[in-house]
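Below: the structure, in structure tokens.
Residue numbering begins at 1 within each chain, and the chains themselves are lettered A, B, C, D and E in the order written.
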Amino acid sequence: MSLGYYFLLPVIFSFLTPYFRKLGTSALRGSSVFLTFILFVQTLEYTGVSLPQISQFSVAPPIGIAFVLDNFSLLFLLIFTFSGFMVSLYMLWYFKANDNTNETRFYVFFNMLLAGSIGMILSCDIFNVYIFFEITGISSYALAAYNKDKLGLEAGIKYLIIGSIASIFIVFAIMLIYLQIGTVNIGLIAQRYSEIDPKIAVLIALMLFIGFGTKAELFPMNFWAPDIYQGSSSHVNGLFSAIVAKSYLFVFFHLFYLFGLNTKYTLLIMSLGAITFLVSEFTALNQKDIKRLFAYSTLGQLGILFMALASNSSDTISGALFHLASHSISKLLIFLVLGILISKFKSTKITIVGDFKSLFLSIVLIIGFLSILGIPPFSGFIGKILILKGFALSHNYIAIAFILLVSIVEAVYFFRLIALMLDKKRTKTSVPVGFVNYIVLSVLAILIVLFGVYPSLLTHYTDLATNALLQPHSYLQFALGVGL
Amino acid sequence: MNLKKEFRLKHIVLSLLSSALMLSILGLLSHVKTNLHKTVGDIVLSLNMQTATANAVTSVVTFFRGIDTVGEVTVLFLATTGIALMLSSTQRTYKKVVHQESFILDIGSKMLLNVIVLFGVYVIVHGHLSPGGGFQGGVVIATAFLLLFLANPNMKLKHSILTLGESLSGAAYVLIAIISLFKINILLGNFLPHPVSQIGELVSGGIIPIIYIIVGIKVGSEMSVIVEYFVKEDYLKEVPHA
Amino acid sequence: MIFQIILLIMLAYVVGFIYMGLYRNITARIQGRYGPTVYQTFYDSIKLFSKKNSVSYGWMFYLGPVIMATGAVLTLILVPVFSDSDFLRSVTTQGNLFLLLYLMVLGPLGNALAVGTGGNPFGVMGVVRGLTRLIGLELPFYIAVVGLIIASNSSDIVHIIDLQKTTGLNILVHPFLFIAAMISMVGFFGASPFDIPGAPQEVYSGPRTEFSGKFLALLMSQGSIFAFAKLVLIIDLFLGGADSLWMLVIKTFAIFITIIFIGIVYGRYKVEQAVDFLMKIPTLIGVIGLVRIIWFG
Amino acid sequence: MLDFFNSNETIHFIITVGSMLLFTIGLYGIFTQKNLVKVLISFDIMESALFLFFIGLHYNFGLVAPIVDGSDKTFTNMVDPVPQAMILTTIVIGLAVLALGLSFGIEYFRLTGINDISKMNELRD
Amino acid sequence: MNSIFLLLNLLPILFLYQFGGDLHVSLSLTKEFTLSLSQTPLGTFFAYLSLISFLLVTIAQKSKKTSFSYYALQFLLSIAMLAIVLAGDFITFFIGWEIMTWSSYFLISKSSDIDTKSLQKYILFSLASAFSLIAGMVIAYSFANSFDFNVIQNSFHTMPFNIKVALIVLFSLSFFTKAGVIGLHYWVVDTYSKAPDLFSSILSAVMSKMGIYGLFLVYGHLVGYAELKDMFGVILNGTDFGYVLGWIGVITSIIATFKAITQDEVKRLLAYSSIAQLGYIIAVIGMGTSFGVAGAMYHTLIHTIIKLLLFINVAAIVAQTGKNKFSELGGLIYRTPVSFVMLLIGIIALAGMPPLGGFASKFMLYNAAIDSKFALILVGMLFSGAASFLYCYKLVYGIYLGHPTSKDLETQKEVPISYLIPQVILALLLVATGAFPGAFIKVINPILIEFSLNTIPYTSMGVMQSAVGNFNGLFIISAFVVIFVFILLLIWRIKSKAKNNLNRFDISYCGEVPSKNTQLHYGYGFGTDLYRIKFVNAILKRSSSPFYEALATQTKKTAGLLSRMYYGNIHNTMIIILLFFSALYFIGVN
């Protein structure tokens, strides 16, 4: 199967959603599950194939555009398609239990969010990346505002404004690149980046940094992010946290290493990541709104990822990628559970985690919490220890101390929630979970435990991904169309 | 008073800063185009003859960077869906605007409609030969509908037809891309015969005019929908729920 | 051995009671009274043994005094009475100084348990006072003992006695430790100013309130045995022990009379005052002695 | 004199200055305007400035539009078509975002009566 | 359910026995991480200690209604501890450590009177301890390139001095927190007192010992006592390091002892007592002499036994009466006589009195101090021991002696047999350790060899040897029994019949006649008057809670301050992004 299907299939499914709807709601929902399922299975097949793989559109790169899949993007592809599959299954329950007036449109945005994110990580043409950036962006604006209530619309508007700013920076950068070296192919840009006038090169780097950094929620460009999470539905937050933020992160670091910016800007990005982590974990302490709380938690984890991914050392990056995968799964799990709770209680106060009575939900939620905190035997622990180990090997003890100290702050609010759940004095209401959710949530929870006790399942891919990121030679060759 | 002054001060400072920023960037940009390498555009131009398309921009849009255009169409589709989500009247009831019917306006607009649509179709069909194409033509068609709405706000478009056009054209575009994969093993390749000798003729360039027609239909229907929603927002007042 | 033990107990019993009598007598004389005869306490104990009990509060009340007496006897047989003699040497080598320090507390514990069982408010008050006082009282004594152990590098009392033959008496070598230990001893003997638990004027007789008959007799007997054991311990540690009965009597009497004279001069402290005092002056003196040993010894 | 204006450097300089001026206007709008519509307009102005800048810098004297007519069937001496295609795409995307933003704004205004973006702070700490 | 889990708890013991002290397994987790179990004499000792404790506590749970999840978590906890003590590398150790942390957290949360604040305290301190551990282990990794204990041990001396110090400090902080050294003990008391009653015994007896195990592991195995001596130099006859640790331990012990005396809640008293006892262990653990290690080890054993006994005893009483304060209990001696005797044995050992095992362990501790000539530390330990008589007495008096404070106490029955069985076993153990102190030397000598220290001479089971004197436990206990019986018979023979079973109101009461409503249970609150003693007051009025509370407040304030950045104004957010860009631009380009 050609890589192009990763984009074309969701597009055609999106275009045809009105007709799926006419066949009935189950056809509509089933189509999305089917789509995400094929994408996921297809991605699994790629794990056994020698990479990179390339699939061109119309003309071979560097003139035309192609999708290139290397080991680095494979990891992200796995995460995205898996998360997408899980969410589409979850939506089977969601629209049964909640208002489904605009269900059709939801699936349009959902499919395209997935397609856009995947396109962003596959495309080897920076202008094409920008298009996918906008597709993901518009889908996320619409998904944020999807409920059409006051908060949702406010979130949508804010997201849209920020997205516009980011896109202006990115467009400007792309234009400058084209003006300088006459190409938009990432492989060619990477080859010729050093030939650009140094001052312009700095300007381009900064613009890309601001553009993708804003979307990837890096401090001090992330003041909007919690608002968006708070205003959106919980499953949408799951998508934002597991897929969207990670895709921007991918592009950020892909370009960062391909363009050789790692020599110059490592310290800047590491310290900004550290500040992101610090500020968000502290800020999370005061939150009363559960979605906003986990928004800050997401920001914090992204902060760690920024710190670790920018660190230039293969051990740390490998750990960071593990952490990234683990965080995606855990956050998805948490947001999906919260979705169930919010739809039951019609409230987003943090106290709702103390009000429900369901052993299953409690267990999976606690597994998610502990995993994010990095407590064994859950996957988050392996990620964290790998990151710390990486920092230790490069003798960066400040980073270790920083991560560990702030993690204690993180533990404060996570265990406050757990204590709330365990509080026997609260009156508990039983919550219907829904059959499909049992499957979805247990699959996620089992994965968290599995990666925790048998990490080589994942470290195999993270190591390959790290190599692909740090030695992008074969990727560049493929991006220039060699593999065709 | 005081507050206002403060705000002005903030504005002045910020605008000065932005000017300084832009001046500085301007200084940088003054030596921006150094033409270190042959641009992709130059290569495209040299290759363009093979596509048998007279308009090189069209060949770039639909062929060389074809997947961009699929994305672009998708973006437009998403925006339309988003606008429909926000502004669709299914959840609201509008009262009819008391509209003074004007015979001349009515007839005139309907007469003009045909002309404008025809022009739009022309622009679309000749997209590979002359400036213009699917996007431009689609927008021209949408302006025809705008004219109708201006003349008669109570008019309604047939959404089912527009949706059909929108969906099927989009699907057709993707299908063309996939058919191409099966035919010549390249996604979105030009699998129809496109002899170079036909360059400049209406039927030339293989799939390129077909794609532009599809894009035209899609953009036309989408823009019409967008126009309808926005016009109705302006003219029609929402009836508050009881 | 059994014979020797019984002999020792008899000796302690007699000497202890005589000292108790002397204590009352001398105190009375100093205060200008005539006072009871020296044998008065002895008579009392004989009388009490034959008297009927008025109260009992169950088996723990019964066992408490027995534990107390056991502690006293065990202490007595583990303290070497005569230096340079094989008298009970096979028994005394089974223990050491630390063991004695802890055995000395076993008595108060048994007492406290029995009193607690009785549940008399005054009894409990006395016990509580006693235990609180113990905190202060033990400190200087511990310092002295630790100093001696470190100085002679042994916790074996026989060894400490033997060592004094070569280095000189500890009272002269380590005077600070001796002073600290003596101040503690005043308390251990229940003399003023540390006679807080009994405090006859305030709380009847403190811990002993509910006891009568044979229990009171047992308490008195163990008190005298215990007193003798403590005196012997002090002369062992500081005065080089006693090689004959006469030396034993003279040395113990000397210590005893010192304690009496100290005790008579002062009025009774309140419990917190006592602890405060004990934690300051004697502790300081002891610490000086200790520092002298470890840093300059 | 005319040669001076006909040189590539001059025309590029004028275009750069002009587009950056436009960009500054947009930037000023973002900095000072709080009405959602005006903010969106400012974004559009900035984007337009970028389009102008990009297209303008790819125009050199003597080049023609990249379209062949009947007579001369070679693609030489023509303007670079790729920027034009890119700008075409970007324009459509800008339009889409603008329209979506406006529809959000309309809906939000209908619910709350607020169009000042700095007053949209129901979501906050 | 109880019997199932009883059998399940037996399994690891059998498993351990089966391997007979030579268990070496390893399992590759990733290419860097291996999980490995490697049995050492030290680990074996702690493994048996914890597993048998779990078994005994499970026996006691028989008559208490316990849910499946409780048992399961407890079993998980025991397995986690097994993993800790058998771990051959830090990853296994840490995984065990963290599973221990959260499984115990969930167990604690099952208590009925737990509150969020105590839970938070517990978990935050546990995590702080864990994070300190993780920091230490990754730093060690950065030099040794392995998490394996043996590799780290071999490469430790090649590390720079400041790294060595940092490692020792980090590990010590981590394990000190678990053991509850003063200043880091903020969580201990609340947690012990509010945990489920029987689980408190595990917390105090076993879990705190994991901290001690960690200290042994680091000081004895990873760093090595010889290396500690080389690093920090020598003072008196001991090491500088041991001296510092000695003072830390002694101060912990003294402060906790005085705090314990003033408590009204039974379990709070026991919690402080636990801190104090662990203070002794910490005081000698760094000395690096045979007696230091032996003393710490022996006291670990004895303290585990005692605390299990006391907590199970108290749990039984609380379960029986529903009361957990001295002011509400009292006079249970003739209602629950067996419990009383068990508690009595427990406190005699806790106070370190001969003839029970408590004295033997204290003797080892004191010998360790004498060995290093740490006289003042020794005095401190003795002093704290003397003060501990107060809380020991308070414990037995407040619960069993005196008068019942309420009607329902007067009609109490003996506690269920399932509570008594483990207590009797433990009491017998105390007697046995008292009678045969030498037997332990046989256990400890392999560990001393493991730490490359001199072994302690062993003569016979009953005799405890030391450089400065020895004592014969068997003789002491038999002499005690003989004299006791002799005096008892003597008293028995004296015919003076007492009027038995006197009415409890029939006491001397200043001429008044106490009525049924008169409060007669005096003295349960003793210790509070210690405030009047200046020295004690100085200890009691100080507390670590203001510091930690201020820390919490400041954190909250910081959080509030930082969260003001996220005040939802998208316009300003835009401006900030643009300003940030300009700032970076002006810095970057120029």
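In the analysis below, a residue touches a chain if its C-beta (ideal position, glycine included) is under 8 Å from a C-beta of that chain, and two chains touch if they have at least 3 such contacts.
Because the structure is predicted, anything quoted here is derived from the model rather than measured.
Set against the Cα centre of subunit C, the chain with the most distant centre is B.
Chain pairs A-E and B-E differ in how many C-beta pairs they share in contact, with the greater number at A-E.
With centres set at the average Cα position, the gap from subunit C to subunit E is 34 Å. Per-chain CA centroids place subunit C at a distance of 102 Å from subunit D. Separating the CA-averaged centres of subunit A and subunit B is a span of 30 Å.
Look at where the CA atoms of subunit B average out and do the same for subunit C: the two points lie 107 Å apart. Residues of subunit B in contact with at least two other chains: 14, 18, 21, 25, 28, 32-33, 39-42, 44, 64-65, 68, 71-72, 75, 78-79, 82, 86.
Those residues of subunit A in touch with two or more other chains are numbered 127, 131, 134, 138, 141-142, 145, 148, 157-158, 161, 165, 178-179, 184, 199, 203, 226-227, 283, 286. You'll find the chains touch as A-B, A-D, A-E, B-D, B-E, C-E, D-E. Across the complex, subunit A meets subunit D through its residues 127, 131, 134, 137-138, 141-142, 145, 148-151, 153-158, 160-161, 163-165, 167-168, 171-172, 174-175, 178-179, 184, 226-227, 230-231, 283, 286-287, 292.
Those residues of subunit D that touch subunit B in the shared complex are 12-13, 16-17, 20-21, 23-24, 27-28, 31-32, 53, 57-58, 65-70, 73-76, 78, 80-86, 88-89, 92-93, 95-97, 99-100, 102-104, 106-107, 110. Looking at the complex, you find that subunit D touches subunit A at residues 30, 36, 39-40, 43, 46-47, 50, 53-54, 57, 82-83, 86, 89-90, 93, 96-97, 100-101, 104-105, 107-108, 111-112, 117, 120, 122-125.
Those residues of subunit B lying in contact with subunit A across their complex are 25, 28, 31-44, 47, 63-68, 70-72, 74-75, 77-79, 81-82, 84-86, 90-91, 163, 166-168, 170-171, 174-175, 177-178, 181, 186-190. Contact residues of subunit E toward subunit C in the complex are 236, 331, 333-334, 340, 344, 348, 351-354, 359, 362-363, 366, 370, 373, 375-376, 378-379, 382-383, 386-387, 389-390, 393, 396-397, 401-403, 466-472, 475-476, 479-480, 483-484, 487-488, 491, 494, 496-502, 504, 506-509, 520-523, 526, 529-530, 532-536.
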